[in-house]
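Just below is one structure, and these are the notes that go with it.
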Amino acid sequence: MQSPHPWKVKLLRVAWAAVEMTLFRGSFHTMSRWRSFLLRCFGAHVGRGCKIRRTVRIYYPWNLTLGELCIIGDDVRLYNLGQITIGDRVMISQEAYLCAGTHDYTDPSLPLLTPPITIGADVWICARAFVGPGLAVGEGAVVAACGVAVKDVPPWTIVGGNPAKFVKQRAWRDQTTTLGPGQK
Amino acid sequence: MQSPHPWKVKLLRVAWAAVEMTLFRGSFHTMSRWRSFLLRCFGAHVGRGCKIRRTVRIYYPWNLTLGELCIIGDDVRLYNLGQITIGDRVMISQEAYLCAGTHDYTDPSLPLLTPPITIGADVWICARAFVGPGLAVGEGAVVAACGVAVKDVPPWTIVGGNPAKFVKQRAWRDQTTTLGPGQK
Amino acid sequence: MQSPHPWKVKLLRVAWAAVEMTLFRGSFHTMSRWRSFLLRCFGAHVGRGCKIRRTVRIYYPWNLTLGELCIIGDDVRLYNLGQITIGDRVMISQEAYLCAGTHDYTDPSLPLLTPPITIGADVWICARAFVGPGLAVGEGAVVAACGVAVKDVPPWTIVGGNPAKFVKQRAWRDQTTTLGPGQK
């Protein structure tokens, strides 16, 4: 097998794996600023005020762009072999899986493909939901618990099921606040 | 952020997290009585003869009521931010997820909601199934493997799929035994 | 409870659990030959050139038959209470779950059933997909990410959704290679 990953990336991966297993995973529940710092050391763009749980799994920090005031819950898997870009005030709940990696299944050697994922501002990816490679989840959208998005999710819509389908529109109840998740 | 959890609950959570990571998670596979005892120390009601695997994740033991002769399998997640009440002889298989917590997605600050979950006697929640917040699963019902219940499940029905739909009625083959799961 | 497992199997299980937690799980990412060796020591048939990640969970190695050049990804669960037979050049992606165990839900004591699973050559079981007890996944088939197979999957078809349904046919783009996954 010819690895698709050059030598330098392999070294970075080993270094990140070591840091993730120790300093990241071993840090205390509330130490999100420390974990944001560690991710930035490895090339991630992480906005201010993000809460990133210690059990989050991030494959390549250098392929992660995270807006402000985001919450990334326990056991979330950001499989960012390709770039994952997440807007402001996004909440990603426990066990959600953003999968920016797949294979060309028409070729017997199953070459790796890494189409990027883009998540708009004010999105909520609910518990155990899945967002497939190459997708865009529009601003303000919700992927319901266990929902499996296999195509783009339009802004301000709620989708659910497997495959995920339109459930209803989403709107703020009122416009008296501009706070993000957990900010009131 | 103003936490929705008062000071005393926070202290309990830290204490439980420490106990869970060590005495609970580190106990031997067969030591279900020990794990039931630990849960009771933290306010859970646990009936006699329950088998609770060491990899089960229970968030707030004080929000758990468990009947007799239940089996809670490996990697089950009881996300009991709200109360979870489980009847007698219930089996919850591996990786099942009972999620008694959600957010008001019509408010930008996404305030936490904790609608309770109620599971009737003789229910089987199969592997990797999901039961959403506020739901009741009626006596004798089955949520099939990977089934995602998003509304109440009527008694003695089998539901499956995502979203879970009615598959067929359930009935005992004969009435010669009143034993629970694993009791023959 | 009368365990369905005789004394010898129980001893083997404890031994395997100890080996899995230490020598298997604790081995380095790239040491697939070592992990294949450990599985063979416990009775598994593992073909040459398989890549088995250190986080794979295999219940009973003695119930596993694995062809050549297979890839078993991170956090895959092979719940082989019954036999699981996997052909050559099969890829099983992260968090996929092959579940060769169930219960007779028409009997209150829920006796264990262990119908075998058979996976044909050149199959791809995608991330977080589920294959239920007693099923056969035909040669060259694909179960899409999060797909939940509840009946046999015909050869060279792609199925997805929960429950999994036919999506389209699969075919190689050309026949210039006979390599397996990751072999180019």
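Order of writing sets the labels: A, B and C. Residues in every chain begin at 1.
The rule is short, and it goes like this: contacts are C-beta pairs under 8 Å (C-beta built on N, C-alpha and C of every residue); 3 or more make two chains touch, one makes a residue touch a chain.
Fair warning: this is a prediction, and the values are worked out from it, not measured in the lab.
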Path length in the contact graph (subunit B to subunit C, fewest steps):
1
Shared interface numbers for subunit A and subunit B above half of all numbers used, same, or below, different?
different
What whole-number Å value describes the gap between the mean CA coordinates of subunit A and subunit B?
27
Where in subunit C do residues touch two or more other chains at once?
148, 161-162
Residue positions on subunit A within touch of subunit C in the complex are 1-2, 17, 77, 79, 97, 99, 102-111, 130, 132, 148, 150, 161-163
State the interface residues of subunit B toward subunit C in the complex, per the touch definition above.
29, 89, 91, 94-95, 122, 124, 127-128, 142, 144-148, 158, 160-162, 170-173, 177-184
